[in-house]
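Which chain is which? They are A, B, C and D, in the order written, and residues in each are numbered from 1.
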Amino acid sequence: MKKIAVFTSGGDAPGMNACIRAVVRGAIYHQVEIYGIRYGYNGMIKGDIYHMNSHSVSNILQKGGTILKSARSQDFRTKEGRQKAYEQLQKFGIEGLIAIGGDGTFTGANIFYEEYGVPTVGAPGTIDNDLYGTDYTIGFDTAVNTALQAIDKIRDTADSHDRIFFIEVMGRDSGYLAIQSGIGGGAEIVMVPETRTSSADVINILKQGWNRKKTSSIIVVAEGDEEGDALQIADKVKQALNDKDMRVTILGHIQRGGSPTAADRTLASRLGLGALEGLLNGEKNKMAGIINDKLVYTSFKECITLQKPINPDLLRMVEILSV
Amino acid sequence: MKKIAVFTSGGDAPGMNACIRAVVRGAIYHQVEIYGIRYGYNGMIKGDIYHMNSHSVSNILQKGGTILKSARSQDFRTKEGRQKAYEQLQKFGIEGLIAIGGDGTFTGANIFYEEYGVPTVGAPGTIDNDLYGTDYTIGFDTAVNTALQAIDKIRDTADSHDRIFFIEVMGRDSGYLAIQSGIGGGAEIVMVPETRTSSADVINILKQGWNRKKTSSIIVVAEGDEEGDALQIADKVKQALNDKDMRVTILGHIQRGGSPTAADRTLASRLGLGALEGLLNGEKNKMAGIINDKLVYTSFKECITLQKPINPDLLRMVEILSV
Amino acid sequence: MKKIAVFTSGGDAPGMNACIRAVVRGAIYHQVEIYGIRYGYNGMIKGDIYHMNSHSVSNILQKGGTILKSARSQDFRTKEGRQKAYEQLQKFGIEGLIAIGGDGTFTGANIFYEEYGVPTVGAPGTIDNDLYGTDYTIGFDTAVNTALQAIDKIRDTADSHDRIFFIEVMGRDSGYLAIQSGIGGGAEIVMVPETRTSSADVINILKQGWNRKKTSSIIVVAEGDEEGDALQIADKVKQALNDKDMRVTILGHIQRGGSPTAADRTLASRLGLGALEGLLNGEKNKMAGIINDKLVYTSFKECITLQKPINPDLLRMVEILSV
Amino acid sequence: MKKIAVFTSGGDAPGMNACIRAVVRGAIYHQVEIYGIRYGYNGMIKGDIYHMNSHSVSNILQKGGTILKSARSQDFRTKEGRQKAYEQLQKFGIEGLIAIGGDGTFTGANIFYEEYGVPTVGAPGTIDNDLYGTDYTIGFDTAVNTALQAIDKIRDTADSHDRIFFIEVMGRDSGYLAIQSGIGGGAEIVMVPETRTSSADVINILKQGWNRKKTSSIIVVAEGDEEGDALQIADKVKQALNDKDMRVTILGHIQRGGSPTAADRTLASRLGLGALEGLLNGEKNKMAGIINDKLVYTSFKECITLQKPINPDLLRMVEILSV
């Protein structure tokens, strides 16, 4: 393999740039020509592709976002779109791909391989940490720390006013972000899609806290919780407890940005290099991951279909630590 | 004056603790007995008052929130409430008060003096910077930096996806926070209560930006803007431009918390000491402020009724710098 | 076991407070009486011991340092010292200990058990991550991020002036902190005790960089590197390259402080709870650790004597990523 | 004036990029052609000059350092050097200059005008805040906050071990950085070039603190203090008090880097625009500054020769607040 290309796709995550850098520098080290594709599959279809060298990735290690830009592509879901994408890759002579992204990205790559035989190795980039095949995804540690710093700030004002705050963090299908930022932030309750916590449970726990003279409380809610979003849950609790002073904060997109943490920079560098060297060694349709500090490759199929459960130790801790 | 008390009231602001510390340490330095009142006027009414010494304020300089807790008091608005408050102060032998807070706090202190003759000197503590009589209020610089760091993070993801973001910052009556975080964050548009920017203006500016190949934009909206809140404005713009990809983030209560910045710690220390020494020197019903780096005292009446305008240089800059 | 005590010893590390909190709250949850010992073994000897409850550990989760204070104890190295310590524990009726610290702490606990039969379970708290028996120690992740943020700042000025910087990070016996902050900071060279990098190697790599038009470089040096400290190495390189413009920064004690990261808060909470529940379940003379995301107990003897090697993947990465 | 150029010179400071951006965007707004000169006067001599447009300064507002690079120029101190620089400007048709820097930068610009009549307006960029003609210089607020965050971290470990720390901050000729970070960091003593504090004074204050049961202390030392640097002072105090446990940390170059604070971004933007509009309006050999929130122009001569004293209120506060 003499020419390969790298792209980012789906929601951006801090550390994607560190990963791109590792792919590019690794390719140069192994004397392979490396191209960047802008805007994910959309750019592949349009031929928004350029040659990269060592300086293309200077001084990006510490930056949030992705210098290759990202997008969700409707066109790549069509046969015509994928046909055009293949033609563009042919034009540039690109023989293999490194895809940095999540579920949707790898689903696309899988179909693309079946149709056109272009081998892809993936690196998991998503703040949700909801991918099977790796202990952590690129961006997760940064997003947890961002959420945590926000919770720390809210705790200051919650304490000053003896208030209850509901804080909604990202995580449509996974409570990883909620549980870790909840433990780190000393939340009294964490509501995640993986477990069933009803508004009635919340009300009970808050009442118990008052009996123990807790004056303020933080409840962290994953956006995908089955009991509703933070606003809905807060409304029910407010009515039941007749406490008008409760507040809701939805952290939103700040969790997607920011300079990556040390752990994310190291992880992204390892996964970028791992994906590249995997591709050069003949891996395809697999995602590079780190499990128990070792580089592993898992088929896209498994990554997409299998579930990564939350460590039950973490769920148990929330209850014990808020006594 | 041999015994005085300090309290915080209204919305909490980072730096209030630094201010309390300066009041307490200053009192000890001047050999005056110092008491703390918890929960603002509510605690005054209930007699939630305790003796403070140098160690009471150790290691609080860097903390957000207020160790004296804060509250908005309905009871102090009644004659009965104020009567009880006066009796409590009498019981403890407290001859003067230091009030750290904003508009509402000083309004209460003013009435209290007229009725019972208890002298109060105030220190301006509010993240909104909307008080006449001081260039900056305690907590404003920290809140601006918190908003700015959030905007920086959102810019990362806005750039990666070529998206438009509407970011709502606090400021019901004042655009200070919005204008400073907008300039610092490189916002294309800043919408503040002090000036009239319509949704049609926003649409025009965004279109002009596209003509100059701007791919992403940040619009900062003060929560009190007369055109509506961020969600409402975004809805109008979305429809007019038929761009479903716009996003809204409401920063909310994270702006109230956090460790105070250097400027807020210094300002809070100066104002705390200034309020204390003013009270000891016979000032009353006045707020300590810093104008042009000099300590000044302004009557509560003026602080409450007069408006502090935004520097027009700042408003002009947003337009020029986003070309 | 009905009464136990917790203490911190040796160099402090961010997250120790989160660990103390988990021990205390865990003890309350399991209905065991919990005492705190101040100043490590010194406080044990002097009887500086107090009863703790749930509120003793409120609002400390996010704080650096240790509320139980720490010290290195000369007296505990003597038979007389340990005799007095034992008597104090007897006086309070304390039947078991949780020790948060490193090598020296566990060595002391081991001897103490042999002499007096007091069972101890340890939790690894040290920024150096140099303990066998756990993947990570409490405080390491925070220290890496602190070092990294410093390196990011220095990179700004290094780039602006095309300068070479030598940055010394902590780590007398271990290069963990250096290698992770070096990878995260995009260092061209990382010098650690575990591998041999001579000044001549440094000079060669810098020259190669200049050939590739690198204009600035960061060299991270672990304080315990066998080639000398950062000042000594910089002197040799300066002379050899006749470049007077090189700079040295020794990060020093800032690496020990600061609010713990999310990863450190979670780790500290798990290890605190794990140590406590281990002690209650009959473990003794062992350290709680997390290996491959699972709680394990390793004998103090092994923790003290065995070496934890640096992952060679990380050492290899520095070379590849700086091309 | 139809063509102008901007450059940065001397030590870099956070916010220089925000200033460059304001100059460039302001020039475009006023329909003037704008060039960038790399590496200060050195680049002027070598003709390292390029045309800038609006995109040249996209996404640099939040970055530390300077995209135009900086240098101290020996060659510009010679007649030959300045002659060459003039010829380069002639070649590009550049009629006026914006210089972002400090003392040395403006001294050079002054001579250059006298010899060749090229008008320059300056913007004060230095973390030391030691320039007459402006309340604050670009980079000062960021450097204070960086120093403060380091002091906060050191305070954690100082408290945990009951230790005394000497912390050296930058400031060869000025104690601004030391006094503000000292007040913000709750330092017991601040040693600055502007006042005389002897080691004997330090020893006395520490002893008084011990009498009041202070267990740990922070002493902030400006690098230019007449009593010596932090290491020398610490040595004297150590010997006199026979306390081997004292520690010294020299913050060093981390104070020069980092993303600028909100205040620095706003200040830099105002000064950049102010310098530009001044130049276009016929100002020359003057520095733009902000005094009492108003834009003013002060002759280079005054900026270089006159002293800006530290507000005595600040010096007095350190003593009172550490009781």
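Throughout what follows, contacts are C-beta pairs under 8 Å (C-beta built on N, C-alpha and C of every residue); 3 or more make two chains touch, one makes a residue touch a chain.
Being a predicted model, the structure only gives us computed values, none of them experimental.
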Check: Which chains lie in contact with each of chain A and chain C?
Finding: none
Notebook entry, point to check: Based on the averaged CA atom positions, which chain is farthest from chain C?
Noted result: B
Checklist line | chain B and chain D: spacing of chain centres that average the CA atoms, whole Å | finding: 29
Check: Centre to centre, by mean C-alpha position, how many angstrom separate chain A and chain D?
Finding: 39
Checklist line | Averaged-CA centre spacing for the pair chain B and chain A, given as whole angstrom | finding: 35
Check: Considering chain A alone, which of its residues make contact with at least two other chains?
Finding: 152, 155, 159
Item checked: Category of the chain touch graph - line, ring, star, complete, other -> ring
Item checked: Which pairs of chains touch, using the document's own definition -> A-B, A-C, B-D, C-D
Note to self: Quick check on the complex: what are the chain B residues that touch chain A?
What the structure shows: 8, 12, 14, 16, 63-66, 69-71, 146, 150, 152-157, 159-162, 165, 247-250, 252-254, 256-258
Note to self: For the complex, give me every residue of chain A touching chain C.
What the structure shows: 21-22, 25-26, 28-29, 54-55, 59, 61-62, 135, 141, 144-145, 147-148, 152, 155, 159, 180-181, 183-186, 212-213, 259, 261-263, 265-266, 269-270, 273, 292-293, 295, 311, 313-314, 317, 320-323
